[in-house]
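Chains: A, B, C, D and E, in written order; residue numbering restarts at 1 for each.
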């Protein structure tokens, strides 16, 4: 007799909202593009795009609200108690909310950008929503199957998004490389999962945790391959090489989206995996992560020094930031992990902000990505220049900005855990990072403008993203924990980061 | 009863062949095929391992097989997208040689 | 050695040879695709031997029937002639990778040999479409839905990327 | 105490930034309404008014400061990020008092001095100056190590831009070099800060960044932390390395040879205002850091490092003087003279006696005023001639007698002529040094001779002799604004020279207290393991994976 | 030793009056750019110095009214520098002290100073060389007077050092007064720097002394306190590395005394630091008279005498003082022989005379040193002012080769100049005779090693002094006039304001010797007959000086005096022979002993040696090695930019190529990474 499973739909509410949203957007695109008017205006591409963009933002906002509710509610919900595949706890709720927010901001950033680049297709929003669904799925998962599925659901749309500007060779190449290397990494990850399944007899985190035998080479190979799969997604050295190529080639708005969301989701999933599934392997995994973190910090920062393309530079910087985040993992303490969560949120704001500036400068279907094109920007676009400086300063980790608080929490946790040498390496490399981050302000403020004229007007969505990110970067830099903003109420982000991890440590 | 070690061994052989194919072949389509080969190897491993963890008849454990189903779908999706990228690429570049795809570097 | 085991070895050899054929066949993409089909069919055979009947069927239908056809379709579409490639820019790397792959394989086989789980006798109805179907539509219902989304994404994506003209 | 007095330090610290933000806000509002906003001269005037007011407030601070009390005054302690032990904790003692007054004094001066100097992006410049002032003041008044670090790094940003935007031809190189050097040191310091923080946590069970406990509270203080002298690994000596990390950051800022090469470049390229603030205040951050944090936190290590630091200070004095001697660019010469002067300050600090340390504190002020005035003077010349090469001048005393007179007085102050400020500081430092390190003191005294050599040589080549270059013939002498600037700078020069007791009286109790702390904490036994366990009663268990702080993380 | 001090608020005004005037001038000139009227300038400057002189006289009178061992007036203003606690409490007061020694100095400074101020009114009247020069000159001159008074009246070493540096500063300003001339500016700077080398010694001395006193538990630092507590440190030693000569213990007192002496050497232009003084003649002549003859350069002597208790306890250091003094006297005299610039001759003669003073001080005859200091102030000021008058008359021509035969043209100048010459060569009856005699007697009688040689050098120097002074006199005032024809007509005695101060000085140069008349001569004072304690100066100074008792029989004194007179006579005769009688000889001599002549003319090439041995190597070292080598090269190029280059090269030449853009390369790297991780985990 088949017993219908007991399903807690609330546990998948954010996922479902976004998934429905994606389909609604697809449908809407079909209908709207056939319609003659949209909301009373002539149905130009731009209007269709805007309407779809706002609709998808609405869905994301709804998902954000749902995820936020789950976080505030604080209970741990399992979707299917008889065969738990998903577990919406405070951690996954928080990360889902962050991912939703990041996607929302990315869409806000994209609406006018797509028009500017003349790739204004409604599928774009659907794909972003689908990818967001995948990320939420991945961070909510407590089973290798759902982790993998989430990962793929996240990746496949992003492969497409990277190649979204399909008339451009660079965009093609970006998509191709991301796809090729991504599916290769997926295969490695899968093989690892297969081996883990083979040793543990199950794919859920709990089973793996129970069945993982540190002396069994097959299990170890499996763990290693799974780590590799995630190391690829978080773009840590030596699985980082796709990052600069893909970030550079993809349309800027897509790069913005993938650089923050993928990283957040992948780190969150890795965190869950490490805490919930691989707990017994801590020592040896810590060493592996130590090396990966050190390499990431060094290679990311050193390579960024010679870059002449802002997106590529930010790509290397994201590799370096992956290294810093991994330092929190190496610390391995609750403080370290909560620092990682905090860092991820902060990173979202500052990196999105930086890309938002790049996007806001895109002109006549061309990305404003050569570093020289920033020359003299302070003269022509003082506001954007100031904001870019703020984001660069924050990425560098100068006190007073969120970037510093993030680095501070990570390093504090690392030092408290006795991870001195990695910390020292990290701080030395952030000195190197000063050089390349501050090159951009140097060009903007200290050089004469070049021939390239930047776009002179700013779209509402871009302004929104810039303001949100700038406020967040400043606010979190000064009040990472105890600030409160009128209307939003108290924002004890550090507390949230810490509390979100409690369910993971409890189990 | 099939010897599990040989099944897994076969899977490993196919996986490594897939890896070698992906790393050495220059035709993009063949590389895609190699990746498919890797996924197939994984599937074989899953099926083989599911044979080792079948559960009881009352409560059969089909994790591995479900996984395989998912992987097949994923493979299909990847191939679709991958070939789409290859086509888009071919239109612009008129080649499927992966070594010509190096505009973005350094 | 039972028949099933012999069949297994036969399929295995078939799979390996055709896989080798795929990766060694430098000239003809269509031939490579055909080799892949052979591998898949061989694997389907092994699935049957392993008691995963539904999987075997799907393997044939989806892989051999759909995926490889898609490959062939694209090959035809693009009218590829693979012999016009310039000499490799990474020849030594590739040779080294191949050698490394062989070494890794040897190590992998050595390591996996001793650490495998014990195979218990097959329970009733294992691998049948009924059990699998029940699992899919009860425990794994969400997975099925999500796979659907994934396929949706793939469709949309392929469309976006490959459609000749987007209005 | 009235409201003003109660929050006087906060007023002083944040008033400039508040002005800056207010100005920005008006301009943002204006741009929303499509107008250009307040005109640049008005920005300058408002900034000048605001910083002058700040200076007056700091004079109030100076007079209200009670020199008879030891310990910190004007304490404000507000929790900020209490979970991390981060508090807004500001207070001053005699040492920081002088630094605050120096800072608030110099900023209006440079605003006035660079009135015509800065021509482009005046508003940005004004904003950065105001921002910078708050950063510097914050660093001087913060007693929370975290807050100190925050301000310490924060002030790099405006300085970086001031050098980079309004600087000379190689400004970008100079700005980046300045930034990288400082970051290099301060990043290592951050690690050390965190280690100290962790040690304190381990011993008290509470996360805390406050250097001392605010009066009347039971909060923990970093100064009560036992920082072990030894560690698990044979070569790992906690206090030693921590001091080294702090010391490196401070030494770069001071700058001590061989970490000084950013200074000449930064000075030469920076606009006048930047040079003045850089020399006048930013360099003091390093020496102040040694006094406030380096010495009291790591007394034993500080003593152990003394020969090295004294040696480097000596090298700085002699080397800086000799290199200054052969410079062809006036600003570079002054920059290297800073190296020498700060060498004196370092020497004084590491005398560990009242004369030396008091002299150092006073000399910090002196150097700020004198070298600041030198830079202002050089800037005035640069404004007129757009060159700073000594060879482009000569005989300037003829067309610019007033200028020559001011320059002469400042030069004399810089080379330590008695009854001008430089002498008092140098004298006390050398006196202290003679009590502590006689041989070093003798060598340092040679620096006094060399100072006369390079300064007077420069002065002679610039001011005396016939006017040979025709552009120099028609140079205009100082105007009223410039005279006001210079006269304002002469006031402290003469005051400190003639009646240094006004300042020494306020410095000395704090210095004595500081030295007492150092002595006391040095005396507390350096047997970490035993004592730490005896004292450590953590209120909550340490984090599960917490390892020993001294553990060396071995890479696999 | 003085027992107690009397408070007197009068003292502060002695230095303050000139300071106020200087400040007034400074503000008018430096800030307001409104030069005061000439008469206001003159009135304020000369008036303030004269007033200072009057107050000094009053203070002197009140000092005299006190019993000899209580002759100490003190005026404390405020604590200047105070730092330290307990036994290390350092405190330096702004306080003035008038004891016999400083009283003599103050009188000399204000007295001669007043005269020179008045003289300057005339001398600088025609100065149009520099803009607003007149008031500026008086500003500097007043500032100098203040500094010098501060120096002599200071109650402690640190305050004295203020004056010490202050006079150096004023000297610098005044030497370079005509700054448009590059040479003048150079000389001013040189004077200051060389003085700074001496100051280094003073500073070290102060520090060592304080350190020793603090160690002894008596850190009080006024002169009175130091002298009182001196016993405690008299036997102290300094630990030095054993490889140093006379190591490992040096007598502290000797070291301190030598340190202070280094200061004195710098200030008073002794070997090896005398090089600045001749160059200092670049300044206006009144300056040369006041600063570089009468007052400032004697500060070194004053310092040694002020610290006589210290030197008395330091025999080795005293011997060094004496020998340096004697050698300087001789060497400077030899150089003076060959100089052709009227002021240069006088400058070297000043150096030489200062050498005499140190010879005396080194021999313990501090009173003789001060005596000579006083008389020298008069006659050398006279000589310089006379020379100034000559220069004025010659329209700023200083080369004696272009003078000659001026006796007829400027008879009054000639007369006073002759008095000066007679005084300096020690013509009996003139001031210089008695003071020089006291010194020679002291050298003869002292216990300094080699004191007989000291005496012989002294006598030899006396010969040379007489020779070069008369050479100068003859060349300037006798013979044919060698001035250009167009100039000759206008050569005339300068204005009264210039001449009258000369008369006053000439008067004192003649009778000044009576103040310190040695007892041996006091017995035979022409009109008064024998006078008890005829050496009133020595008696007056005795309470503040640590005078050893060297009893020299009067007969010996007469003999020594006779030898000195003979020496002077000899020198005079040779000069007469060479420069009046056989005027062709000097040229031939110079020709036949050309190397000697060149050596002397070029001052033994000391400047060149310093330049080659010290200045150039130092500059080269700084420029080539330190600046270009270490700073720009090692630290910046290799260290700083090298690191940056390395990082960049690591990326640009290494890591970059891994990032080849070829996807399969990336796959391969991933493969390697995977293998590494798995291999690590499995093992």
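FYI, a contact is a pair of C-beta atoms (placed from the backbone, for glycine too) under 8 Å apart; a residue touches a chain by one contact, two chains touch by 3 or more.
Treat the numbers as computed from the prediction; the structure is a model and nothing was measured.
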Common contacts of chain D and chain E, by label, are A
Per mean C-alpha coordinates, the chain lying farthest from chain C is E
Strictly by count of touching C-beta pairs, the top pair is B-C
Argmin over chains of |mean CA - global mean CA| returns D
Chain centres from averaged Cα atoms put chain C and chain E apart, in whole Å, by 102
CA centroids of chain B and chain C: separation to the nearest Å works out as 5
Rounded to the nearest Å, the gap between Cα centres of chain B and chain E is 97
Taking each chain's mean CA coordinate, chain B and chain D are separated, in whole Å, by 63
In chain B, the residues touching two or more other chains are 8, 18-19, 22-24, 26, 48-50, 52-53, 66, 70, 74, 77-78, 81, 84-86, 88, 98-99, 101-106
Touching two or more other chains in chain D are residues 180, 556
Note: chain C residues in touch with at least two other chains are 89-90, 94, 97, 101, 104, 108, 111-112, 116-117, 140, 143, 147, 150, 153-154, 157-161
Listed by label, touching pairs are A-B, A-C, A-D, A-E, B-C, B-E, C-E, D-E
Within their complex, chain C touches chain E through residues 89-90, 93-94, 96-97, 100-101, 104, 111
Chain B residues touching chain A in their complex are 8, 11, 15, 18-19, 22, 28, 31, 35, 38-39, 41-42, 45-46, 48-50, 52-53, 61, 63-64, 66-67, 70-71, 74, 77-78, 81-82, 84-86, 88-89, 92-93, 98, 101-106
Touching chain D in the complex, chain A uses residues 287-288, 290-291, 294, 331-335, 378, 382, 393, 398-400, 404, 408-409, 411-412, 415-424, 427-428, 430-431, 434-435, 438, 441-442, 445-447, 479-482, 494-495
Chain B contacts chain C in the complex at 1-10, 12-14, 16-21, 23-27, 29-30, 32-34, 36-37, 40, 43-44, 47-57, 60, 62, 65-66, 68-70, 72-81, 83-88, 90, 96-97, 99
Interface with chain B, chain A side, in the complex: residues 144-145, 148-149, 152, 156, 159-160, 163, 166-170, 172-177, 179-180, 183-184, 186-187, 190-191, 193-195, 197-198, 201-203, 244-246, 248-249, 306
